[in-house]
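Letters A, B, C and D name the chains as they come in the text, with residue numbers starting at 1 for each one.
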Amino acid sequence: MDSLHRLEEIFSRFPGIGPRQAKRFVYYLLNKSPASIKEFTDLVADVRRSTSECEKCHRFFFHRAQKTDLCPTCADQSRDRSTLMVVARDSDFETVERSGAYKGLYFILGGTVPILDKEPEKRIRLQQLLERASESTLTEIILSLNTTPDGEHTEKIVHEGLAKVSPARITVLGRGLSTGAELEYADSETIKSALQNRRSSL
Amino acid sequence: MDSLHRLEEIFSRFPGIGPRQAKRFVYYLLNKSPASIKEFTDLVADVRRSTSECEKCHRFFFHRAQKTDLCPTCADQSRDRSTLMVVARDSDFETVERSGAYKGLYFILGGTVPILDKEPEKRIRLQQLLERASESTLTEIILSLNTTPDGEHTEKIVHEGLAKVSPARITVLGRGLSTGAELEYADSETIKSALQNRRSSL
Amino acid sequence: MDSLHRLEEIFSRFPGIGPRQAKRFVYYLLNKSPASIKEFTDLVADVRRSTSECEKCHRFFFHRAQKTDLCPTCADQSRDRSTLMVVARDSDFETVERSGAYKGLYFILGGTVPILDKEPEKRIRLQQLLERASESTLTEIILSLNTTPDGEHTEKIVHEGLAKVSPARITVLGRGLSTGAELEYADSETIKSALQNRRSSL
Amino acid sequence: MDSLHRLEEIFSRFPGIGPRQAKRFVYYLLNKSPASIKEFTDLVADVRRSTSECEKCHRFFFHRAQKTDLCPTCADQSRDRSTLMVVARDSDFETVERSGAYKGLYFILGGTVPILDKEPEKRIRLQQLLERASESTLTEIILSLNTTPDGEHTEKIVHEGLAKVSPARITVLGRGLSTGAELEYADSETIKSALQNRRSSL
């Protein structure tokens, strides 16, 4: 296979990209100046080189000057070290951080476990999480997973493991109407939780 | 305009129906037997005739034998008469009832008030709601509206009116992750509420 | 089942309508005035009563004053009686007539034959078409069917039948770029035909 | 801005990519091995370096060993040199070649001219096309552009220019039903052409 088709093939494995868009990416790059191409390839190499996986929460983070083992969040002594939020992916971490509503620590599972999957430990960092949970003085572990079948299945697996090694309270995010929701289309589970969690208006 | 086009025009005003589908409806009916057509027109007339607006909650209900003023829900003495849930439409009522999570009474507002609307009282049954709220011995009024801009605007208007005439606690449904939600796409408001409303896992 | 749910069920069999929209239709009608309801049911009955299936082309047509056997198109002596266009449905007839490009007669097949269907004669008016084709002095029969797998399968069945009973030339619509098409997404068959049918620019 | 966000920004300018997917691309690359990253950046640099714009048809092509001025298609002496097909982009060239229906030469315009655009010569290689057309012994120039408003506007501009410098016949692709089309939704222009270009069935 020549470079052109090999590059197309590589782009077609990027998340959400099919063969046709992969081809467009190649043509897009062909039309770029040599300087733009150099900036792009330098950045890709640089970003990969300047990014580490935090040894505590397993999130990828960018270390400016010199390599460190802990990400800024895990290293931040002002954060509440008694609470650990378990999320599936780095992008979930970003969403929660952006909300400004949480001040504890995190653990990135690395994915979720599909319902019929036989080997959950190959999908998620279950062993590392259990070690992290047993060594620490946590009082609460919040499982912040998608409320999808895979997320709920993962919650079950993680809960079972954690309950054996940690005395911390294990919680999950509350259900309710999300912003922008239309009541008519809400399922009964959501309505039930939204009613239980109702609060004073305005 | 001949009957054919007039009927197309009427169908094209049905909710969610455009001119092309209206035309298909007409062809669909043309292919029906005279007996099916008669059943259909009889049912439309009958349903309209056998349906009343409940004078207490303003919901449409089907009265089998003879016309009554109160719908079965308002007439049901086993329901909790100290709580009133205000919803925008009959379809919202149905969604909440289907959940089985609520045992109080209802009030159908009849719609929501768009943000820039000048005459809210033409959009919703505000006056009737205030009368209903002032006459009764309610301890809580739950405003169950969509968590959309229009829904929140309506909540504000209704809250202001109710606060003047009723000593009841005015509440809204809790926010949180709805069933099937992906954490990554949740907005900060939803994350914040979901964290506040977190509960024990499993 | 009460009238309300029976009407919902009937609406949910309208083309393209699911149970939720069927329910909306019922609520929509409940909100209409008795006069509107009467206009609607009268129109449905009237349209069905005032519409006949043309005994020659099998299309449904609206006859104003008194019932006739032939639709205005089949009765129109100024149309070219040597050409017959076979279309699947009334809506195809309308699209072709709207174009103003065709001046011959029509025959409505009543549908298409799915590829694995065992009894095509139950899906389309094949027998009636063969009778129509054998009795007449046609010089060309144009099979104007969708260029989908079902359309092409139907073309094959109809062609085989017609070839046995009629000496007329049997044709199909030309392939090419449709209006609004993007060349990049055209399939090879379309490109090939578009090249063969190329014409002077402007 | 740090490298991470700069790379996100660059990815978000790739065709069809928004900020969220750009971020996913960066995370995707962070999870790749250093060897995969090196293959990717090497390929991008290599492809850009090993690709030339053909000086005759202006298409980008991959030259294996040493740089050449002509792409394989323009250099292929077995192709019909009396016919030139003008297409907007490299991807259109690929679609036509894949059909195997065309054996002449090509010219890549480099884009189309939006309807209200004041300076068409900045959008497309009009000057180069006119030079190419005047110097050669072409008998037919096929304008294979999208049948969209922009495509038709571009056809008009190109036609006017070509008519002044070349005696060749200027043609466009035939209109008709594309593969998979449903007759009901065809516009009148398409029906008209499909009728004119009709051909024997089967």
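In this text, a contact is a pair of C-beta atoms (placed from the backbone, for glycine too) under 8 Å apart; a residue touches a chain by one contact, two chains touch by 3 or more.
Treat the numbers as computed from the prediction; the structure is a model and nothing was measured.
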item	value
Contact distance in steps, from chain B to chain D	2
Remotest chain, chain A as reference, centres from CA atoms	C
Chain centre separation (chain B, chain C; CA means) in Å	40
For chain A paired with chain C, centre-to-centre distance based on mean C-alpha positions, whole Å	53
Distance from the mean Cα position of chain D to that of chain C, given in whole angstrom	38
Multi-partner residues of chain B (each touching 2 or more other chains)	89, 91
Graph class of chain-chain contacts, one of line, ring, star, complete, other	ring
Of all residues in chain B, those that touch chain A in their complex	87-89, 91-92, 94-96, 98-102, 142-148, 155-156, 159, 169-202
Parts of chain A lying in touch with chain D, wherever the complex brings them together	2-4, 6-7, 10, 14-16, 21, 23-32, 34, 37-41, 43-48, 50-51, 60, 62, 64, 89-91
